[in-house]
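Data block below; observations after.
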């Protein structure tokens, strides 16, 4: 049964107001860039004016600098890629000293993605980054799905009680609002989202990469030095949309920042309709450094064509398809059925 | 009916028509076991086509056979719509296409000298089965037993008209913008024709293929006039030969669903469980 | 660090013996076709001699016939597709009467995929299908991941204790060996595999489709009538390989039937090296009805090229990449570092 | 060095060479802000290329620039290897390619009249940076300050030899099957040349690009002979401009990893942490 296209009159692109809210934050449009796919932002400056983004999430920061994993660290898969960068980063101190000033000067929403090697180190990182309060950091995006971290890290992302406690301790350690980036490897996403929301997170980001692997049959070795890595790109989009929709249905008031395979304005609209308040573009930045603004422009054009004036008008709007007429062995009105 | 097979073909012709339509002509491998696997095709039957485009999109796409000859050549009419048709329209001569077919069981019955006049109702890329129906009717000397009702958005949307002219098949055209024929949908001239048939007491039947909204309107018109109506449906397909169960069509009768590919694509309008 | 290609001498294709074992079963080669992607087999007869397959898994059977879901039931995604067929099937009785005789006449390994609407109905189905014991059914493949079934069915596939009990009861209800098809939506696959193995399953199949969704932004509706559906095809291959590898590492003796995106002989080899004893080809059958034998032929050619004589020689063989030389600030032997 | 940009280009030439190699000639959009974004390219720098091939493969592929002129034309040398190169080799004239570049910072320094003679060691698709190095040397009247060492599996594997001949650059060839030049790897003539340099006391340096096993052998040879050795590396890349951190190169020094795209692709052999 095909549903009718909604016959809303088209708008002129300039009639579309892309402005939106994510909890306490006001954004000029819903398109940010994703952690680990935008470095510390500056490398993109040759390609476009980074201030065109609604915001960006930095590479994940840990209390101390981390060197990253042996190589190979990446490999391509069907409509996606695996990575195992190992959460390489400059550490909180160097971030605050060397990276923050330029980022803060942009005046866009700055989300600092962070993690720790154990619970205390998460809390320590939140405390260290608190020094960025009032200095440009809008959100601490807490990454609780680090497939590449060894010690018991899996529990942070898959056991609601553990995630709750970790979130609560980090929320207490900083004045900056916390958004928790959930692990798609968890079985029950709404339970995870509820746990971190109750612990004080202002919203959730989903999804992070999904654990996967690839094998080189010639060398009989995994294609990544760490054997497993995180799957990203268009391949995971259907899974991301499902998880966002599940969480939005369960917790309609909780702001969701959606990501996973976004590469076009139509993709963004799918995420907004599933229930995301804003989105992040990840892997697509590699093939197209200005993927963020380009996707935003496509979103505006498409919203105009479909007569959607503001993101808020379609946030989480999707409804089930109309039911088919009930079945009966004989059709309701006209002549009895004669198969010719 | 011919057993389906999967075979390799090459693009031998690639003719852009107006309105964004393309005629793609394919030639099956002459050294294959059956050099003309589609020679026995009947109007409504289709093929699944896939180029060598890697892993995305993964599934082939369905196309009605416009015509097929005994030498292994056949043609499809298409329009760049999404990912699959976009790639097919961009294909160059010599490129390889994997073909599965002929597929489909329910098809349009040919006109007979004494039977009802067949009103062939076409919209958009739904033209091919009706084009083949008219071609066969003309070849059997029954061009006067079929009449074409063909609707489009504008004049550019109506293609291959000269074929019907050549066969001596009468045509009633309609366009949404009124640039050719009646203004509005194809149901405008069709309703008029049904009224005339009713007035004259001359039996007619409807064979239709086109976009689903058009088919829904034609179905209502046919049922209201109690005219035998046969619809050639398009449902999204993965396999085309009855195994994925993706192409369900809601029906009345013994069971709630039939399958577009293996039971259809032509269905009796009374059987289809549509609003 | 690239590992060296293993310098095994190539073989002639006829020197490759594709024969393999799955627990008590002996197969002529590792390639079967997957449930729901091969109907009841007969529709493939026009395209190839179905006896060329090592075996096949039927469409999932329930105690009573089921009509299936409203449409649309399928949609394509990047390098994959979503389906929500609704486990439409002819029911156990019609299966035994109408489908089994032809299938049994093939003489290949016949796996009957089955499920129930609740626990009792699973057990009932196993009991009904037991009538096929000695009449051609080699395995009952128990599908505990039915995203399309409403009532509490999710637990069957995600909670080890629930899966254990369900498996035990089904094992007791039939003389036919049971293989449990695990849900990729579970957080801890090895725990699930262990639970069903301890309950008497002779092996596991993985993976089933992953729950996903897609949205039509023009109609503001989901692309599937049931909103969610199962993602299959090359897009999920990295996730399938990871899960198989995890289960094989945890339970090296448990036979695994691997599936998820297989479309070439190289894909099959990846699955065998990850730890699968045999494989099933699913979605690829739609584009290519003889995908099974074609993939088997490619496997033979590739094994010959790589000098692999038998699947058993490479089952679960992958090893970590060699470690990089340890880091130091000054290189070990030759002259001190001068950056030019 | 030129700031990188992303720009559109069209295939204007597509020349199959022997051994499965292709020369792809591209022309950047003449109406763009910078009509010749690669004009300032230096040997070792590269571009990321991607055709309009949808969502699979998703990432662009890296190619060394063979040459680039002030009108926006540039060439790359490639071989159909996997999914990306396969599609690029199949491209026809007129097709669109998205280009990012010039990328890479570490590059080969030009030869000088009095400095060491540069031994240019090439294998397979590693030829372009050395080809450009030789072209520039010749243009500067320094053709005698560079010597090519070029190895392949067989004679078909050695392409563009006439360019080097035309520039008056001396060549030492090797093939694994012995069909041309020394039998074996390129390290055979290179080792001989290093021994001669040692005997003569004449300073040389090595600039090498090619498959990793070759580079490993060249590195050992260079280190053993205490000859300055520079390797142009190929690591799998997603972005090419330093943001994905995928193209790590293990190094000695301040930190354990450098990045092939943003620190390289040319590295001092002593710095590279290889076995």
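To keep things simple, chains are lettered A, B, C and D as they appear, and every chain counts its residues starting from 1.
One rule holds for everything that comes next: a contact is a pair of C-beta atoms (placed from the backbone, for glycine too) under 8 Å apart; a residue touches a chain by one contact, two chains touch by 3 or more.
None of these values were measured; they are calculated from a predicted model.
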By mean C-alpha position, what chain is farthest away from chain A?
B
As a quick test, compute the distance in whole Å between the mean CA positions of chain B and chain C.
38
Chain-centre distance (mean CA atoms) for chain B and chain D, in whole Å, is 54
For chain C and chain D, what's the span in angstrom between their mean Cα positions?
43
Could you tell me which residues belong to chain B and also touch two or more other chains?
55-56, 83, 250, 256
So which stretches of chain C touch two or more other chains?
1-2, 4, 70-72, 78-80, 233-234, 324
Linking chains that touch, what shape results: line, ring, star, complete or other?
complete
In the complex, the residues of chain C that touch chain A are 1-6, 70-72, 77-80, 82, 158, 185-187, 210-222, 225, 227-228, 231, 233-239, 241-242, 245, 261, 266, 269-270, 273-274, 302, 306, 314, 317-321, 323-324
Chain A-facing residues of chain B, complex
55-56, 109, 212-213, 223, 226, 228, 230, 250, 252-254, 256, 268, 270-271, 273-275
List of chain C residues in touch with chain D within their complex
1-2, 4, 78-79, 322, 324-325, 327-335, 337-340
What does chain D use to touch chain B in their complex?
53-56, 83, 92
Which stretch or stretches of chain B touch chain C in the complex?
3-6, 50, 55-60, 83, 98, 100, 235-250, 255-257, 262
